[in-house]
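Alright, structures below, take your time with them.
What follows is a pair of complexes built around chain A, which joins chain B in one and chain C in the other.
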Partner chain A sequence: MPINAVGREVPSEINGQRFKPFAGDGKTPPEGRRAGSLIRMAPKGRSKIVNSLEEVIKKVGLEDGMTISFHHHLRNGDFVVNMVMRTIEKMGFKNIRLFPTALFPVHEPLVPMLKSGVIRRIEGSMNGPVGEATSYGAMRETAVLRSHSGRVRAVESGEVHIDVAFIAAPTADPYGNLNGVDGPSACGPLAYAMVDAYHADHVVAITDHLVPYPAHPISIYQQNVDYVVPVDKIGDPKGIMSGTLRITTSPSRLKIARYALEVIDRVALKPGFSFQAGAGGISLAVTKFLGDLMRKRGIKASFINGGVTKYVVDMLHEGLVDVVLDGQAFDLDAVKSLKEDANHIETPLAMYGNPYSSGGIVNMLDAGVLGATEVDIDFNVNVNTHSDGLLLHGIGGHQEVAAGSALTIITVPLYRYRVPVVRERVTTVTTPGEVVDVVVTEYGIAINPKRDDIIEAMRGSKVPIWDIQDLQKKAYQICGKPEEPKTTDDIIAAILWRDGTIIDVVYKVKKS
Partner chain B sequence: MIEAGTQEKGDALVIIEESDKREVLVESKIMAIYGEAIRKTVEEVTAGLVAKITVKDYGALDWVIRARLEAAIRKFKEGVKE
Partner chain C sequence: MKLRRTRLYVPGNNPHLVENVGLYNADAVILDLEDSVPIPQKFDARILVKYSLQHVDFGRSEKWVRINGITTSYWKDDLREVLPYCQVINLPKVESYEDMEMVDAEMKAIEEELKISPREVVPIIETVRGLMNAREIAKHPRVTALAWGGEDLTADLGIPRKKALILEYVRAEIVFAAKANGKQALDTVYSNIRDEEGLFEYAQRARYMGFDGIGVIHPNQIEIVHKAFRPTEDEIEDAKKIIEAAELAEKEGKGVISLNGRMIDPPVVERARKILQFAEVE
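And then the complex of A and B:
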């Protein structure tokens, strides 16, 4: 097996499909032309409503082995994936390739379908139980994980062809115009589903809020949607929307946020700067503190790319930022603002950070603050696996923000409970050290040695500055050196860099 | 039987029960990567104690496990005296 640019041994074939080894960000040029979808012609009539999932599955001509897709705007409140998959199972289909943007703990009912062969493999993020089951070998074929933008690239390039896209639609009209800002299951943008709507051979909307034609606003347009299936409920609002997200109250986590803020202040903060927000506890604290600092200094940002939360919306309303770009809303304030504020814009995922495009939002970012499960002495970051080897998280937009943003900060505690976060070698490489600039912990920061400008900017700061190897030694001194995860030689998942090259693989974990 | 510690994340619960023979049981959420280290600490701190010793670890640092073990042993020995 070839060794890639982060020193990992990776296969050149996954599930019979050829993949190149990771060669470095921007080092593998694109080839070919964009892929298309089946050209269809709508039958005469003014309604695309079909009254049952079983009927719609017959109409689209689903067959064994086909690829079906879903989006995850309903997160852990989603009912649609399970509803559709149960119907597919009941109808006796086998060997389906599931291509969701992401799965959550609510999707645990898929685990028996992996074992029985209804699903042959999943290509998408698996947060929680489905990932854990896959780690222990439940999936017949090999999982493939892509970042948000990497998934868009895969669809556009034809690496993955979607036969049927099932789109959970919080609002739909009978002719297939969809949005996510209204209805009992409102989720905000429908950004993740847009690429599927353009590129799938058949597109089915599933809604619990049918409105008269034309729905407005429109996120996904009628000319791409073949059928609309009304159901009782597409989701549970409690799992779709977080309550008001809480800023961390842990003194050590707040210290991490303050150190990160100081790095942003010295390196990136200037009138018109731009910032990537997130919903993690530390990330929220950074956003809040940044707003306070901007107010104090009289500095206004040009845009925030989100991960939109109340904290971002408050900054928009206060005039601290001109525009919010929104690919995902985390709370009801974000949904309401997307609906009402003209300078809060829904962005298709194709606009986010696909390297094989004419340029993404991430290329315009001045600062991005990201989390991690592990970081190593080469600044490589793991967000997918835990230190025991279990695959428990997706990539999200981690890769593209890190690659695009002028300043990429990873905020992590030095250790979580007894597990060191700063390590000799990450269990899985999700994002290579070459696109990571600063690692911020509660003990201080480590700056990537190739960023002389940041080293210079931090001179005179009271924030402790460490060599990353010393941070790692400190972590091992506190926790003890961890044993290697107990894995076998079987590859259960491939982790792709956003350009479609293999950056790492995940091995099957032995049951203890 | 005595207990020391809690079942909070980052802590450990130590239970010591009277027994004619020495018996040591260790459970941990992070057995895969710290199992050997935890067992070694438990054996070292409880060496010579003839009792049934159960350690339920929830990701505690080594110092915390030692402290909980020591507290448990003292409680157990006090109890025996009475």
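And then the complex of A and C:
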């Protein structure tokens, strides 16, 4: 097997499909033309409503082995993936390739379908039980994980062809115009589903909020939607919205946030700057502190790209930022603002960070603050696996934000549960060190030596500055040298860089 | 004199809370063996504290231990285990000079046996009797600062803690007792960890009351208290000018210090030095 640019041995073929080894960010040029979908014609009549999932699955002509897709805007409150897959299982289909943007703990019912062969493999993020089952070998073929934008690239390039896209629609009209801002299962934008709607051969909307034609606003337009299936409920608002997300109160996490803020202040903060926001306790704290600092200094940002929360929305409405670009809403304040504020803009995911496009939002970012499960002395970052080797998280937008943003900060505790987070070698490389600038821990920061400008900007700061190797040694001094995960030689998942090259693979974990 | 704006109380029975204490820049960290440790855990906590003092990084923080009070059966064992590894013993419910003598004798024996330097004691005045004897207690050579606690005191008096009007008098008495003997005065904690503004006001009030610091119960309180104890820009500027004038006078061999035609008395110079110390100006 070839060795790629981050020193990992990777296969040339996954599930019979050829993949190149990761050669470095921007080192593998695109080839070919964009892929298209089946050209089809709407039947006569003014309604696309079909009354059952079984009927719609017959109408789209689903066959064994086909690829079906879902989006994850309903997150851990989603009912649609399980609902559709149970129907598919009941109808006796086999060998389905599942192509979701992400799966959550709520999708645990898929695990038996992996074992029984209803699903042959999943290509998409797996958060929680499905990933864990995959780690122990439940999936017949090899999982493929892509970043949000890498998934867009895969669809546009024809690397993955979607036969049927099932789109959970918080609001739909009978002729297939959809939005996510109204209805009992409102989720905000429908950004993840847009590329599927344009490129799938068949598109089925599933809704619990049917409104008279035309639905408005419109996120996904009628010309891309073939059928509309009304159901009782598409999701549980408690799982869709995390409610008011809480800023961390942990003093060590707050310290991390303060250190990250100082780096942003010294390196990136200027009138008109832009940054990537996210959920998660540290990220929310950074966003809030940044807002406080901007208010104090009288600085206004040009845009925030999100992962939108109440904290971001408050900054917009206070006038601390001109525009919010929104690919995902995390709370009801974000949904309401998207609906009501013209400066809060829903962005299709194709606009986010696809490297094989004419340019994404991430290329315009001045600062991005990201998390990790592990970081190593080459600044490589793992967000997919835990230190025991289990595949428990998706890539999300980590790769594109790191690659695109002018300043990429990774915020991590030095260790968790007495297992070092900063280590000699990450269990899995998700994002290569070449696109990571600063690692921030509660003990201080480490700056990528190739960023002389940041080293210079941090001169005179009270934030402790470490060589990354010393930071790793400090972690080992406190916790001891971490144990290697107990794995076999079987590859259960491939991690793709956003350009479609293989950056790493995940091995099957031995059951203890 | 050491800066003691903040002393962070950390329960001695919780390794998770102890492991990061050096990160937060408290002036002192107190590993507690007294009230935060339930009786069945007294022995375990003592051992945990002993090893934590030796192996956990305390950063720039002074290492204190609050041992159990002298009316309990634990305090001597506490001293024996932790004394070699800490700098200050925080002694609860001290009521008299004789109490200090008793602890002093015990400490002396351990120090001589182990050939270690004498440790300091910061007694906590928390009974009416202790308050009446505070001026005597502060005289003891081991004592470098006086602290106080309100719960037992208000219980002694039979008044609810939150409504106790007498506590302002108690504060004043602690400050006088300490300062009359050239010792530091340390105010008690502010227990609402979510109220940052309240904490700032409380700490600033303590400062203007004459205290050198307050106790903190959460690391998130430390920075706020340090800010509250930081002199204002005007105070710092004035202090710098006074120190410069004093240095100039000394250099020129003048007995009288003058600034802008005004005579500066020695206590004013002393106060200026203290202000700059609180401002963390070298």
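Keep this in mind: the second predicted complex is superposed on the first by the 512 of 512 C-alpha atoms of A that agree within 3 Å, B and C clash if a C-alpha of one lies under 4 Å from a C-alpha of the other, contacts with A are read in each partner's own complex, and residues count from 1 in each chain.
The rule we apply is simple: a residue touches a chain if its C-beta (ideal position, glycine included) is under 8 Å from a C-beta of that chain, and two chains touch if they have at least 3 such contacts.
What you see is a predicted model; the values in this text were computed from it and never measured.
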{"item": "Touched partner set for A:Asp388, first chain B, second chain C, both or neither", "value": "first"}
{"item": "Touched partner set for A:Ile478, first chain B, second chain C, both or neither", "value": "both"}
{"item": "First, second, both or neither for A:Ser512, with chain B first and chain C second", "value": "first"}
{"item": "Which of chain B and chain C A:Tyr443 touches, first, second, both or neither", "value": "second"}
{"item": "Partner chain(s) touched by A:Lys48 [first = chain B, second = chain C, both, neither]", "value": "neither"}
{"item": "Dominant contact partner of chain A by residue count, chain C or chain B", "value": "B"}
{"item": "First, second, both or neither for A:Lys486, with chain B first and chain C second", "value": "first"}
{"item": "Chain B versus chain C as contact partner of A:Thr249, first or second or both or neither", "value": "second"}
{"item": "Residues of chain A contacting chain B in one complex and chain C in the other", "value": "478"}
{"item": "Chain A partner contacts - residues on chain C that touch it in the complex", "value": "19-20, 23-24, 218-220"}
{"item": "Residues of chain A that touch chain C when the two form their complex", "value": "249, 251-252, 254-255, 442-443, 478"}
{"item": "Contacting residues of chain B [partner chain A, same complex]", "value": "9-10, 30-37, 58-62"}
{"item": "Residues on chain A engaged by chain B in the complex (per definition of touch)", "value": "387-389, 416-419, 478-480, 482-486, 509, 512"}
